[in-house]
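Single-structure report; data block below.
Each chain gets a letter, A, B, C and D, in the order it is written, and its residues are counted from 1.
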């Protein structure tokens, strides 16, 4: 019971945070998805993403100073790739919010937020490495976990592993 | 005759003799040298490569290269059932398998929205805290090795061995447990287990004291770590640091307290942060001290859990495990406090399959390591070693 | 200046403390800790001292529930194939042949009295791949597949890591397969005959 | 002829306590009127002592570290693993002797040799007993201090010749370290020389003999002798690259420092040189401050312990025991302490040891003049 109340309280906080962002950016962001496990909104106008990010970090009532996680996701049904960022106002306001940003599956790009949160630097590199979306404005967008000359983006749903890598048989 | 300035490398006076440049005189300029530290190097804690640009012993730039231990954790997760991910989580941070399992289990449970028996929660916390001590022992011991003290390392391993023995007795395996399942536990603990854990706590306290006398209080050790690799709190947060690293920078932030899960809210423990008396806040020594203090707190937690433990009567560790784990469609980001920081799992379920659509591990080491470039600038090579050691990376978790 | 001498003093004192500790351990080396397992009541009553063991000759006992080498008690295996499906890394390979009705008695029952309905000519576990997660053992309905506490089973040749548990020789398996095929063919013929008859009947009915 | 031969042969065994006769007799040994130039013969026992110190130094190091760390240490070869070092030597002998393709071949090969020679030349002036010293130089102590510097050349040659960045770091660090630490070490030894009034190692030792045993040792002869003793001990650790001053070979920083690229017998030679110089500095400190081959046991009334335990053979026993004791302390320190950083090392040398060495030098001088 206690826990249930807690969660709904955090949901309220997230909703309040969302409404501040919504006030500023209006239709550039989607409606608030008020689920219990991970409340989020989606950035519709992706070109504004860096601006929204900076607003989220700097606004005195938001202060999302901590990016917990940045996940790349493949949505083959929508022909899109996306990232999901989990934010938190660490040690300040203690509210959480998740943001989704999507781009086209082939040659799509998302503005980088590495200049807003350092965390995003490596996470965006990882998302690029695994999914192949570009992050415009990223300081050094190159592969991080796979070798530089690896073919394809391993975490896409339709990924086929290459047969040979420098003469080494790849599929085990 | 002309003077060339070769981009900060000091000026060189040269003359041209029929198309060839002859160097007449060179300033006492130092040349920068690229030094590949790793992937095989004793103090990179695994297969990490740091490409350092050095000026003498001073590092002007260090660029980490990862991925030597990439084992496609996330791709594997998309191809196995929810319960079968658990053994893979062990292999993320192989020094703290229980904590990784714990983190994954609470994440999926959040998605499934199921109630866990109380005894399960207590056992989970005990094994996770035991494993936290084991992990910190490795961190402290290997840090000693990095700074040249070999003996504390073996003392640490001697005591860690006992913890591994205890966990083996409970779960059947020494490092890769597959003990904390989604919705419960693999088995109940053996009959005498709690008694033995309690004996371990009394055994370990003086040993921890001895360890701190031998290593932490040693003047050479203090001199090697004090004021090295200072990370201010706000930068640390911006880098996404968590766990002992963030606490070392003076931020009182512990997921067990600030985003409580399991039975942690009922337990009495402190979140140790450096006060700036023994160390400079945010330096290597602070991070080391936080780890040493945390072991004490973990011992306290274990003692409390044993005292409050509900009886084993009629207890089935698998009672709450769903027959078939197929969560409703949705996304969840769950996390727990690992010995190295926040281990989070982002899991997306499509509601139809028994396999996760996407399972991302937010690894604390990966994030902590990303500050390496900033931290290492202008440090000496021995200090670089001290900094890497204080980050306490486990490459299994960095590369996943 | 006082800081200078203070540094020298703390340095000397802490170094002396550390040396005291190592010397204590050095003289303590006349004791040896022993090789009790953690399930031993007296584990923490062992003396402090040298704590390593000479491995192949002295071993810390693994607990009885330890999860190491995978073993299949093939007599109890009903060939359900759940372990194969559960294994996250597919280290179990299995082939089954349905038991012909007249062979059921030959095939026998499991130790808890369940009738086995499949021959298991092939049950290979690649223990080199096995990550001892224990998922296969939890799904096993007859509990014939389990991990044993044998931890050290290294081999010089990798092919020796492939453990065969199938209980039929190749010839036997071939015979069973042929028998089953015959029976199935017969059954099929029967079925076709019946179908044809039924067809005939319906035709006749018209 | 035959009587002459006999007398020459029997000299070492008959001479008793008279100085250096054994070695001098060996060196001046004429066979059929031909001098065999047998300095080499005199050197043979030295080499044996050195090999002995290596063999049991390595074994001792492994066992001591093991016991301090609650381990068993080597146990397989022989009873208690006592033959472990011999097995190691056999292994090293069989190993392929790799010279990296891009190494400076000459320096690479010559480096370990110079190192070895540097560390073993000093053995020539160490008096191993009242009747045995390799070369009884009147500037023995000076020679011992000076010859250590040759090691630096070997280390630099090895580090540079390897053409490996880690080796180069190790070599450069080592040079800086050894050159710096020579100063406090030499000044501290000069305190001992001042108390003796001579640089002759054998005479220094003799001046410390007496019926009161240890009370005649220079360490207890002056109220401030402990200071140069301590300074020399610390500086000698740095000179032989032992922890906590093992930064030239700091394995967690520089992989293995200047001998990263060495394998097989060349590696063994470097190792031999290291243990040889460990024994060498230990012997020097025991000669200058702790009476060398003199027995530390005093005569107590009619129980003439001191006289019973003195003599050529006893002398060798005492100096080797004292040397091994200091080797034990070196190992004890190594397995206790973390490693210093380069700048801290230099701080310790220039801002702590050198000033204190000067102070102790002055105080010793004052004490020697106004000694009651």
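Heads up, the rule we're going with is that contacts are C-beta pairs under 8 Å (C-beta built on N, C-alpha and C of every residue); 3 or more make two chains touch, one makes a residue touch a chain.
Just so it is clear, the model here is predicted, and its values are computed rather than measured.
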Closest to the centroid of all CA atoms, by its own CA mean, is chain B
Distance-maximising chain from chain B - centres being C-alpha averages: D
Using mean CA coordinates as chain centres, what's the gap between chain A and chain B in Å? 23
Report the inter-centroid distance (CA atoms only) between chain B and chain C in whole Å. 31
Could you put a whole-Å number on the gap between the CA centroids of chain C and chain D? 58
Could you state the distance in Å from the CA-based centre of chain B to that of chain D? 45
In chain C, residues with contacts to at least two other chains: 15, 18, 21-22, 51
Chain D: positions in contact with at least two other chains: 68-71, 335-337
Residues in chain B with touches to at least two other chains are numbered 151, 158, 214-215, 218, 220
Among line, ring, star, complete and other, the chain contact graph is other
Chain pairs that touch, by label, are A-B, B-C, B-D, C-D
Which bits of chain C are touching chain D when the two form their complex? 4, 8, 15, 18-19, 21-23, 25-26, 28-29, 33, 48-54
Help me check something: in the complex, which residues belonging to chain A touch chain B? 35-38, 40, 65-69, 71-74, 84, 86, 90-91, 94, 98, 117-119, 121-123, 126, 130, 143-147, 154-155
Given the complex with chain B, which residues does chain C contribute to the contact? 7, 10-11, 14-15, 17-18, 21-22, 37-39, 41, 43-44, 51, 60, 62-63, 65-68, 86, 88, 131-135, 138, 147
Residues of chain B that touch chain D when the two form their complex: 33, 35, 41-43, 57, 144-151, 154-155, 158, 214-215, 218, 220-221, 223-224, 380-383, 385
Spell out the residues on chain B that touch chain C in their complex, using ranges where they run on. 76, 80-81, 83-84, 86-88, 151, 158, 161-162, 165-166, 168-169, 171-173, 176, 178, 186-187, 190, 192, 196, 199-200, 202-203, 210, 213-215, 217-220
